[in-house]
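Residue numbering begins at 1 within each chain, and the chains themselves are lettered A, B, C and D in the order written.
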Amino acid sequence: MTFSALKEECLAANLDLPTTGLVDLTFGNVSVADPERGVFVIKPSGVSYGDLRADHIVVLDFEGNVIEGSLRPSSDTPTHRYLYRHFSGVRSVVHTHSRNAVAFAQAGMDLPCLGTTHCDYFNGPVPVTRAMTREETGGEYEWETGKVIVERFRDIDPLELPAVLVRNHGPFAWGVTAAKAIETAVALEAIADMALKTLLLNPSAEAAPAYLRTRHFFRKHGSSAYYGQVNRPLPD
Amino acid sequence: MTFSALKEECLAANLDLPTTGLVDLTFGNVSVADPERGVFVIKPSGVSYGDLRADHIVVLDFEGNVIEGSLRPSSDTPTHRYLYRHFSGVRSVVHTHSRNAVAFAQAGMDLPCLGTTHCDYFNGPVPVTRAMTREETGGEYEWETGKVIVERFRDIDPLELPAVLVRNHGPFAWGVTAAKAIETAVALEAIADMALKTLLLNPSAEAAPAYLRTRHFFRKHGSSAYYGQVNRPLPD
Amino acid sequence: MTFSALKEECLAANLDLPTTGLVDLTFGNVSVADPERGVFVIKPSGVSYGDLRADHIVVLDFEGNVIEGSLRPSSDTPTHRYLYRHFSGVRSVVHTHSRNAVAFAQAGMDLPCLGTTHCDYFNGPVPVTRAMTREETGGEYEWETGKVIVERFRDIDPLELPAVLVRNHGPFAWGVTAAKAIETAVALEAIADMALKTLLLNPSAEAAPAYLRTRHFFRKHGSSAYYGQVNRPLPD
Amino acid sequence: MTFSALKEECLAANLDLPTTGLVDLTFGNVSVADPERGVFVIKPSGVSYGDLRADHIVVLDFEGNVIEGSLRPSSDTPTHRYLYRHFSGVRSVVHTHSRNAVAFAQAGMDLPCLGTTHCDYFNGPVPVTRAMTREETGGEYEWETGKVIVERFRDIDPLELPAVLVRNHGPFAWGVTAAKAIETAVALEAIADMALKTLLLNPSAEAAPAYLRTRHFFRKHGSSAYYGQVNRPLPD
């Protein structure tokens, strides 16, 4: 029994990063988890997307032990691992330094929910974490990064708010598949661009009303969703 | 008698959305109407542009009944339908979340007419709608969206002002063919980019004088137009 | 004796407009003059770049008479013609609605000379024209556009300052060949982008000192130029 | 014994300039040094990237004498030469007019270290030089440009801060190989874009804490680095 399907899903998502325009150079990585088997897979550190192959993908358990693979996993691996351990239902995590989302992270600002594009993906502002302390940064830094993310979600459901802005760093997004996590990361970057421009035009632009936000979010999510082809396959 | 010409026109216009850069992910849709036959056709909901085929396009009448097609029509269909019922002469409607136009919609600002690029397409500012109420949003939301658009055009001729910004949402554009509606949506996005940058350079930039606006608009539109090759075909 | 070389030069330059990113839709045109023969050639009005062929290019004399061609010339033809009559040494004119240059034109601001990229092309700020009057706009509008440009250059040498921003409209650039005029239009757009961003960072950013400006301009232009391969051909 | 490997490295890096989006027109050049042999090689002046071949690359010694090549070297050659003479360990220098970095140079601002993308490449703000005097500009201008760069690095280690912004001009970046210098120039431009947007959102955005900066910088550099595949080759 092998991990090849998991590795292929992870490879495909990592290869999407440069083509979506989310990633400059090698500033990004994707992991995919299989909670039933107790493992997740992740991009190796510093390997360029052009060189990446499925057998480079590293398999780890949720204690951080490498199960398969000869390369070092991404240096951000402990952050991904922390998220899998605390965000039940999340099966893939994407980390990028996409430029507009980074701008909000560096500005120390939540990404406000200004319109329906945002509401279609996030049921509220995308939160920014607090600054990490000297101790957190000097110690198990990437593990601590996961901790400050989870701390920020104390009162937020990660399945209704599938992204975060790590202060002075950048975004993490997640989802139930790698394709969905990538889609959320793409949407986040577009929404951050729109929000930046909105705030330049009108610094006191108001958030979309809560009733508009929930209408749009639940148009696409949950049991009352009516967006897309629920139970209707494309004809052959 | 079939709807294949209408479906092909609709398909081609929907496939133009990602190549024009107007649309991220699946944030857009185009419909085309045939008022004589009492129908319009529209993109199915949530189908990616890469998968879209002519036989996926859904045919409806102006009461909203599906005449042909096995897929759900776009969730925005009632908005398109409302516009066809009230904007006489409009044969195609395009909805996108193009980023610069969305910024004005989220800022709650009309797109001001600052120069001749704007005047070539719109005989006045592109209006933003009022915020929708809780009741409008909670009920037949997409139909009510059409209503607030038409309400905003009480004193505006939709053929001289072929686009609107729905507040906290984004643009709709229209025209006498799908190609023309798409062209207007492309122009709107470019104009919004220029206007944003103009206002950043000079927050009190003045609108183009009315005499310049009408000169340019009617250079391209109406019986005194002298732009283009009126009655002069390209040589073989 | 034919005008085919002139038409080919004009065609090639017009086809460069969409590939350089200067032009959305059909918002641009290029003309090329042959003063010795008393003619200039220009893009026909409203023909898309994809359809354009050399035999579509219209030949006119400097009185505005069509010498050859069955299509209407660009509606901006009288502006080009006015410039050829008054800017001695100019052999090609390019008009675009490139977005950053338009932003300065709409803001009513000269494009300030903030750095060496600017100095390499323009020996001073790129000037914006005054607003055109109701009478100028209502009459021979495009011819009057040429007049306000030339009025603005009363004390400026168009060969040292090969571009202008027409207020509420957009840029015209020129040069001794169509390739050079296009290059200047491309540089203008890049410089306007840089200047906009500079002013956002520092609204009181100072112009480059005059001694830096003339050093860079004359590094590339005139008898003391030392940029490029003067009299040194590329080896085979 | 020939310089062909050096020329090929230099050619490849120059050809990367337009594909990375760092360079408009011909606004950029790369040199590569071989200190052991006492030479460096550089792009010829004003040759377009499309025409460039390895045998066009000019070989010079550190006194500025041309050792090989029939074309004029880049007009910026004395700046590169000055940097090689003073920045020990630097083997390649890249000069561009990339737009966001130029904006900071024209604004006269250091590029502040606002987040981890910056920290991964630069152990501190990327410094801007002082304005050059009339005398410096009027004399051996390009050599003097090198001098003001080195003056600015009096208290900065160029291997920990591998780029500079020349005021009213643009960036130079460097590294131990041409590929690394290009990578740094690409990162610089992305970081400048992020920083500009951050400052637009929050003009008083604070620099990343020094402990975060050094953590990230030394994660990738020096003997305690743990990013990438140290001593672990990709499997065949």
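Here, a contact is a pair of C-beta atoms (placed from the backbone, for glycine too) under 8 Å apart; a residue touches a chain by one contact, two chains touch by 3 or more.
The structure displayed is predicted, hence computed values, not measured ones.
Two copies of one chain, subunit A and subunit B, form a contact in which under half of the residue numbers belong to both partners.
Taking each chain's centre as the mean of its C-alpha atoms, the one that lies farthest from the centre of subunit A is C. Between subunit B and subunit D, the centres computed from C-alpha atoms are 46 Å apart. Averaged C-alpha coordinates put the centre of subunit B at 33 Å from the centre of subunit C.
In subunit B, the positions touching at least two other chains are 200. Every pair of chains meeting the contact definition is listed here: A-B, A-D, B-C, C-D.
Across the complex, subunit A meets subunit B through its residues 114-117, 183, 186-187, 190, 193-195, 197-198, 200-202, 205-206, 208-209, 211-212, 215, 219, 226-230, 232, 234-235. By the touch criterion stated above, subunit B contacts subunit A in their complex at residues 24-25, 27, 44-47, 51, 55-56, 70-72, 75, 97, 99-100, 102-109, 131-132, 134, 137-138, 141, 168-170, 196, 199-200.
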